[in-house]
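Next come two complexes, and both contain chain A; in the first it sits with chain B, in the second with chain C.
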Partner chain A sequence: MGSSIDLIFKIAGVGILVAVLNAILKHAGKEEQGHIVTLAGLAIVFMWVIQLLATLFEQVKSVFRLF
Partner chain B sequence: MLKLMGAAMVVAASGLGGLAVAANYSRRPRELKALRSALQMLETEVVYSATPLPEALARVAGKCDRLVEPLFSRAAAEFAASTGITAADAWEKALVHYYPGTALKPQDLSILRSLGSSLGRSDREDQVKHLHLAMEQLKTATAGAEEEAARNIKLWSYLGFLGGLITVLVIY
Partner chain C sequence: MDVVQIVAIGLMATVLIGVLKSQRPELAVLLSVAAGVILFLLVLGKIGSIVGVITDLSNRAGISMVYLGTIMKIIGIAYIAEFGAQICRDAGAGAVATKIEFAAKILIMVLAVPIVVAVLQSLLKLLGEAG
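And now, the complex of A and B:
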């Protein structure tokens, strides 16, 4: 349980930092780089979340004995 | 504890890197302005006091901003070091020495190079024309550099720290 709360905080941190970076890049007239940063943040968060989803599916499989 | 120290070090390193890039952006307009005023002094030396070029360069080196002082003192030293060296050669050697330590871009270097090839070669009026041309070009470059600096200084000083924070967050 503790590790998944940590993950939520990490995701929130990435979200905040990406939002700030995006605002700064937009202010400096570099919208394209801002989009790239947003996409990179999304990819990082997906990497974390997909690992959790994989364990969820594993658990579902083991609970219902779908081997 | 060790992890926290490492995180602090990552943030500090990338933050300082960003600040260094920002400092480079703020340095270029100042250097261009200093170069322009130094060329103005050189023009005064050439036109009003008709000083020989090696001496004029040494005098400008003594008076100008310390950002561009190495260029002029080096050029004067090149003159003193070898007899029979042309002004263009001395200027070129000084530029090669001076350029790597500055925030100047290759296009600024080419302005100074083309000035050097006409330095000390013809009569006063012609030299003044070339000096004026170089000064005008430096002025245009300064305007561009200032605009670039205004956009990039803030960006880079934030970007370094935020990049460090994201790195820490991802590998924590």
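And now, the complex of A and C:
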């Protein structure tokens, strides 16, 4: 139960971190690295969310006896 | 899992989504998906026990498992489709949301057809005897 709440904080943390890193990189003149950082953050968050969706659909299938 | 914790999680997620929406809109969508899933997982255990009670009562009442199984499947399909459609609508993709709902309606119709046929057949049999 507790671990699920941490996930919300982790996702928000990654989002804010990416935003800050982008600002810094833009200031330092390395704009394209900023896009790469954004993609990396997006990939990490996608992985977490997809794992979460997998557990949700697994449990819904077992509860509602789908398939 | 009292309602206070659920509301707290929901409000916190909404605030964080607000923070993320300005810089990283795509992460805001992912955060809303994650929050939706977490909130539902919290109550899924209770739904499971309710479904268990319903199946026990129906077995005791002699209702055949086929009808109840179909009803459960329809509820499951409706819920997942609603979940996906709502998230797509939140993210601004209204067209995708309506397509998901349309597909879900078709799937539910496919599941409901055998029951309708069974009802009609028993009706015709009834009429046949009376006629």
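To be clear about the criterion, the second predicted complex is superposed on the first by the 66 of 67 C-alpha atoms of A that agree within 3 Å, B and C clash if a C-alpha of one lies under 4 Å from a C-alpha of the other, contacts with A are read in each partner's own complex, and residues count from 1 in each chain.
Here is the rule we use: a contact is a pair of C-beta atoms (placed from the backbone, for glycine too) under 8 Å apart; a residue touches a chain by one contact, two chains touch by 3 or more.
All figures in this text were calculated on a predicted structure; none of them were measured in a lab.
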Chain A: partner with more touched residues, chain B or chain C: C
A:A43 touches, of chain B and chain C: first, second, both or neither? neither
Touched partner set for A:L52, first chain B, second chain C, both or neither: second
Touching partner for A:L66 - first (chain B), second (chain C), both, neither: second
First (chain B), second (chain C), both or neither touched by A:L25: first
First, second, both or neither for A:V14, with chain B first and chain C second: both
Residues on chain A lying within both footprints (that of chain B and that of chain C): 14, 18, 41
Of all residues in chain C, those that touch chain A in their complex: 1, 9, 12-13, 16, 19-20, 23-24, 26-28, 30-31, 33-35, 37-38, 40-42, 44, 47-48, 51, 69, 72-73, 75-77, 79-80
In the complex with chain C, residue positions of chain A that touch it: 1, 4-5, 7-9, 11-12, 14-16, 18-19, 22, 38, 41-42, 45-46, 48-49, 52-53, 55-57, 59-66
Contact set on chain B toward chain A in their complex: 151-152, 154-155, 158-159, 162, 165-166, 169-170, 172
Touching residues (chain side chain A, partner chain B) in the complex: 10, 13-14, 17-18, 20-21, 24-25, 27-30, 41, 44
